[in-house]
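Below are two complexes that have chain A in common, paired first with chain B and then with chain C.
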Partner chain A sequence: MSQLYEGKKGEKCLFMGNQAIARGALEAGVSVAAGYPGTPSSEIIENLAEVSKETNLYVEWSTNEKIAAEVAAAASFAGLRSMCVMKQNGVNVASDFLLHLVLSGTRGGMVLVPCDDPGALSSINEGEARHFAKLLEIPLLEPGDFQEAKDMMKWAFELSEEIRNLVMFRSVTRLSHASGSVELGEIPQTDPKAQFNYNGFILDPMEGPIVSAPVAYKHGLQQDKLKKAQELFEVSPFNTYVGPENPEILLITSSGATLYSREAIQLCNAKDKVGLLKLGTTFPLPAKLIEKHLKTTDKILVVEEVLPFMEENLKVLAQELAPRVGQKTFFGKRSGNIPITGELNPDLVATALAGILGQTYAPQNPEYTTKATQQAFFNAPTRDLTFCPGCPHRASFWSIHNVLAEDNREGFVCGDIGCYSMAFLPSGFSTLKTLHAMGSGTGVASGFGKLGQFGLNQPVVSVCGDSTFFHSGMPALVNAIHHKSDITMVILDNSGTGMTGFQSHPGLAVDAQGNEAPALDIPTICRAFGATVEICDPFYPFKTQQIFHRLLEMPGVKVLIMRQICALSPEKKRKKAFEMSVDKEICLGENCGCNKLCTRVFRCPGLRWDDETKVATIDEVICAGCGMCAAICPSGAITRKEAA
Partner chain B sequence: MGTATLLKDPYNLIITGVGGQGNVLASRVLGNLLADKGFSITIGETFGASQRGGSVMSHMRISAEASWSPQIPQGKADMIVALEPVEALRVLHTYGHPGIKIISNTRSIYPVGVISGDQKYPSMDELKKTIEELSEKTWFIDATSAAMELGHPIFGNIMMVGALAKTGVLPIDRDSFEKVILRTMGKEKTPVNLKAFDMGAEMIN
Partner chain C sequence: MKLFAQTQLLEDVQGKGLCVGCGACVDLCPYFTTYRGKTAMLFPCDRETGRCFAYCPKAEVDYDAVYQFRTGRPFQGTPIGPHIEVFKARAGEKQTECSFQCGGTVTALISCALDNKIINGAVLTGSDERMPKPMLVRTADQAQQCAGSKYSASPTLAVMNKEAKRGVRKMGIVATPCQATAIAQMKMNPTDKEDFEDPVSLVIGLFCTWALDARKLEALLEEKGIQGTIIKADVPPPPAEVFVVETDQGVTEIPLSEVRKIIPEGCSICPDMTSELADISVGQVEGETGYNTLIVRTEKGAELVKMARSQGYLVTENLDGDKVHNLAQASGNKKKRALAQAQEKGLLNTPDDAGRAAMRMSQDALNKIQP
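And then the complex of A and B:
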């Protein structure tokens, strides 16, 4: 039984931010939740899926974020409360639909939950969803702690119903993936019924058809909705002020930066000098509330992640208010007091605050810091990202890299998003030469494959994961086939959405709620499209390389499916297929011509080079027993025995 | 509830290790245990891409009064629990100070740069000496070997929790541990985790 659903009103729980968001949605009586996995957002849908059997709730991992938004919108059109959840990049994917949705309006409360990743802790960009709130002209809510993550989520649904439009609720990694104390509210025991009404007058928002036309008229309504939200924001309990009546500095902040700012004021011992205005409603800004606070001081410090979104909006507002509040001096990202890239922390905010106050902030004893820095430099080797022990991607890229090297025509690989993105690093033998958005590897490859008429004669390869194939790889493959582009698409099929924690996708026989589902067969789809298709197991590199060589020689679009389950999958985890060992008699060590091929080049964390005996060894604690390294040792010194 | 007191408020604990060592689970167990005792807990975690062989850190703020930032300020950690010894040193560099205490596992996990021969991993003696020099009190335990005896290296994380309990720096007792494990992992997994907890505690003198 999960605390998420069973927890009673008034009970205090230690919840991860994403659990708090899920609980808030349950307390709001959400009926439909859809999303696409992406760190740091994935646990919201996972948690809701887990409790979906205990209540009348529909939860799905949609094929991509645009479809997640569409699925959630349908529920709203039928009068239900719904949400769609994604990481920051997902909003880019969904935006085409969303730009139409915000014109047509919604019925049942609908909330868009993007989780941004300042500092790109698990992303390859630190783009922000907040800018979409402005582009979409919808209200933006940003919780400042774990309790608010729950409470504001509930309120977001009410707000959406009040204005009959989509509401954005934005979280960040340090809220979504941090945990804190949350006092629970009531989960309503209601039984909402779905009914889509469309027979009313064409302009009737509740009874007519739901369309975005006439555009200028609907756009006007949308602006009115935004104004209404702004009025509600003026009295929102999620905007709070703590500090002196006339502070020397007014610190305006939101989201995860609230926690850093609060601590920074403490670190600077500046409670008497600094006022903290925490905004939960960050777009549109509550003008009257801001006016009230601007009147209290001349110096404003804006603390937010990542770009100066709130800062710029505040400056526009301050200029409009200038005749009444006077000219203000703003400190923040544009003034250089707060870094404009990367994530913040209490030290960065304290440094900025101290600088403006004319104090110095010295977090550590300089003597200790010098000693620790020296020691860390000499004795703490960096820990670069790498594929897990037993990861099929290492094996796949081993074969791809070696075949392209032997092929000797300067062939290259275009990549996209997944664990396999790491193949641009030495742990993937630096195989990826382009790396962009979901599905982009094959789209970019499709373009390269048409450059023959301009003299490009290098073999073009793309890699794409199984979940990515459904997300956005399919249209790219269709494009390549239709335009007779010469490419080899390698589908790295590890039977799940590996990077984010093994969520289901349309190629699997199970859905988010654990129900049996029809699995769409990737090779059958590719063949139906017209591609030449081969399937291999990357843990058998000889066979894999033979097939890949052959496909590279063929014209047209070829698909090679390298199929092997992720080492972290529930089926495989902690189970070794093979017991690995190195025969010290056979390993020639430094005298072998291979020059430590297994550790220097293959670099599996399960292997070690023993500096004393000068031979390779297996690290039994780390080795996952996949058996792959037995196939790469030129002397045959690494042996595998089927595990009992 | 309410009877336990802290040596310092907030008490700042960092649990560190390498992705896959069960860092996050250890922080959840400790967090839940201390929350049951009425403390306000904030845990900040790095995972996601960091899971793939990278360094992992959980920052835990334990307070009787308020909730604190999920990131501990520089030089403000009170205790480090390291599932891997080099990670203890890495954390000391940013969050350490002369009064810090450390429990570290002694089993190394080589970074990929060490495996490839591009970087050197220090000898355990050198590493211990360095860590001792940078802290007030240290405990080194071979949790991984003990965990292997118990059947799997993953139990190392719970051994470290048991060891932490024994040091007495935080109000962690066996009964509260058992209650949390029973609630979060179920009946079947409780005995082996209790055993791991006890084995960890025994390794602290």
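And then the complex of A and C:
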């Protein structure tokens, strides 16, 4: 049994931010949670799914984020509390539905939880969900620490019910994935009943049909809801101030930057000079609260990650308040004091603060920096961003790369999001030539495949993961087939949502809660769409390449499913299919005829180049025993023996 | 011979469009492959010297060194190259009739060499639909399947390299002049490989004025609506100016002007029409369809011809003097044209400060070719 559910009121637990969010939702009495996996958000749904075995809670990994929002909305419409969870890009996907939802309004409390990734630590963009709060015209809450992550979550549901609309609760990587102490509250033992009422008057928010029309009226209503939220924000306990009555500088911050700012003030030894206004309610801004603080000083430093969202909103407000509070000087991103992209850290904030205070702040002893750089250069091995040992993607891209090179018609691959995104790097033999959103590889390929009439005669290939196929690959494939686009779609089927930790998807016979579920068969779907479909195992590159060559020469839409379970999957973990070994006598090493193909080009981390003996060796600890290197060794020096 | 590796090979040959797809660089290592008549590089290799560059017939070929090695004398620039005898020939009664290009001489000689175990296998060029398909054959029956000219440039030497790697020795190879040049360079063990063993014991060279880009030929035949299985392709002597394609569904003539457009660029600098570095060279006889011209160049070649004749594989006759003269003239003209082209492109005897050459030869030989 998990502490997440069993933990009693008043207990203090070490919780990851995402667990704190999940506990907050449980304390709010959430009934339905839906999401699509994406770092750093995934653990929220995973934790709730785990708890769902102990209480009446419905949790699902939806096919994509838009559907997750729709599933959660249905629960709200039926009077239940619900949430939908996704990473920042997910909000882009869900936004079409959400833009309608915020007009129609909600009933049971409904919270949208996007987890942003400043610095794009595990993302291929640095987009932010905050701007969506403004676009959707909904309140935005941003917890500044782990306790708040839990407490604010509960409050978010109450707020949603108060204004009868969606509330955005935004986390970031350093909050979702770090851990801290959280004092627990009560989990209510209620038994909410679902009932969808629709027989009331069309404008009745609780009894009528739930539609976005009449739009002008509903839009006005939506703005009223926002005003109401703003009034509640004025007295929110999640907006706090610490510092002197009349600080030299007022530092306004929120979210993960709160902790950096606190530390920066300490690092600058500036407690007496700097006041810290931490906002938990960042849109719409609580105007009266801001007015009160603006009156106390003339210099404002705004500390937030990525774009100047709060800074710009504050500036608009300050201009409106100027007749009463006077003209203020703002420091932040637009002034160049705080970087406009990437993650922040205490050093960056301290440097900015010191600069404004006229102090000097050296984040590190320069001597230490030099020494550390030297040590790293001489003693640390160079490690590229690469696929795991035994990863089927390395094998798949080996074949895709080689077939396209042999084919020699300047063919190329369009990709999208998954571990396979890394194939634009040398670890995937630099095979991907376009890389965009979920499912975009096939959509972009579908477009390329229609450029024949303008002279494009390069073979067009897309890659798509199995989870991505269901998420948004299917419409792209349908488009390509309907428009007779000439493409070969490679589905890299590693039997799970591999990158985020093997969450289930519609192709698997299990759902998020661990229940048996009907598995949708990808080849059958593709055939039904009208594609020519082949299936192969990328660990058998010769056969794979033969099939791929053949498909590449055929006109129309072809689908090649490269199927091999992820090396890290629970089913495979620690089990080697083969014991690998290198015959030192046969290994050609650096000689003409090989020149270190396995360790210089293929570069599976399980292979090591022995600089003394000038031969390749197997790192038995790391090797996953997939056998692929035996298939590529040009001299047959690498052999595989079935593992016992 | 100046030695370089993959980087320079790519720059000099692929980069300048000189690759004729002979297969000399293919399957020596994992980096060069061939697919549907085109040579491709899969990954870069950072070695400073490599067999790929050393064997390539379009990269730094030292004519004096390679002729010295194969014939005992530096390159002389004579029209049909070093030789012992010239005949006209055709397959004898021992050779089963099949679809020969002319007299069936090549098939007869290969059959004789295989039957007498002079060679363990022969690397020949068959067809896979409309693509040339080089293969190692072990019997005279299999050899017959490959009879007839293909006209498409074929990566025949890829098979030689692959089979050599697998340990096959005493191979016979039917080679175009560029391929015969590559084989001759291979035989010199230019990279001083310690464990080098020459896997080739017989080279039968083909006369060649040019080959055609295999993929472009396939596309041209498609464009011309030529249906069915190709039985034979031929370029009748002037003034015909056509390329004749015979399939099981009929005969089509394509104007040579259209066909010339798909000749690989690399053919234009080739000075060799008669495969001068082979043991035996075989081609057409002007105006006689059932015969071949046969040039015996080495002792080994002479012995095989003698054996083939005595065992009934081959019939030889004297070739008329004016036909030898005309052959020499045509061959001499190809040399002149090619070397002029190479000079114009800066690919002949390129000074060190101007980069690398495709070919190097003595001024004496050049003077003989271009008086």
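Keep in mind that, in the parts below, the second predicted complex is superposed on the first by the 638 of 644 C-alpha atoms of A that agree within 3 Å, B and C clash if a C-alpha of one lies under 4 Å from a C-alpha of the other, contacts with A are read in each partner's own complex, and residues count from 1 in each chain.
Everything below uses one rule, namely that a residue touches a chain if its C-beta (ideal position, glycine included) is under 8 Å from a C-beta of that chain, and two chains touch if they have at least 3 such contacts.
No experiment lies behind these values; they were computed from the predicted model shown.
Superposition of the two complexes onto chain A shows chain B and chain C fitting side by side, with no clash.
By the touch criterion defined above, A:405 reaches chain C but does not reach chain B. Look at A:597: by the touch rule set out above, it reaches chain C but stays clear of chain B. Comparing chain B with chain C, the partner in contact with more residues of chain A is B. When the two complexes are overlaid on their common chain A, residue A:384 makes contact with chain B while staying clear of chain C.
Taking the C-alpha centre of chain A as the vertex, the lines to the centres of chain B and chain C open to an angle of 90 degrees, rounded to the nearest 10. With both structures placed on the common chain, the touch criterion links A:193 to neither chain B nor chain C. When both complexes are overlaid on chain A, the residue A:324 reaches neither chain B nor chain C. Taking all C-alpha atoms of chain B against all those of chain C in the superposed arrangement, the shortest distance found is 10 Å. Counting contacts as defined above, chain A residues 600-601 meet chain B in one complex and chain C in the other. The part of chain C that touches chain A in the complex is made up of residues 28-31, 33-36, 38, 40-43, 45-47, 49-51, 165, 191, 193. By the touch criterion stated above, chain B contacts chain A in their complex at residues 18, 20, 28, 31-32, 35, 40-50, 52-55, 67-71, 73-76, 86-87, 89-90, 92-93, 96-98, 107, 109-117, 119-122, 126-127, 130, 133-134, 144, 148, 152-154.
By the touch rule above, chain A contacts chain B in their complex via residues 12-14, 39-40, 121-123, 145-146, 173-174, 177-181, 256, 259-260, 262-263, 267, 345-347, 350, 363-365, 368-369, 371-373, 375-376, 378-388, 419, 422, 426-427, 499, 574, 596, 599-601, 603-605, 607-609, 619, 621-622. Remark: chain A residues 401-402, 405-408, 429, 549, 590, 592-595, 597, 600-601, 632, 634 touch chain C in the complex.
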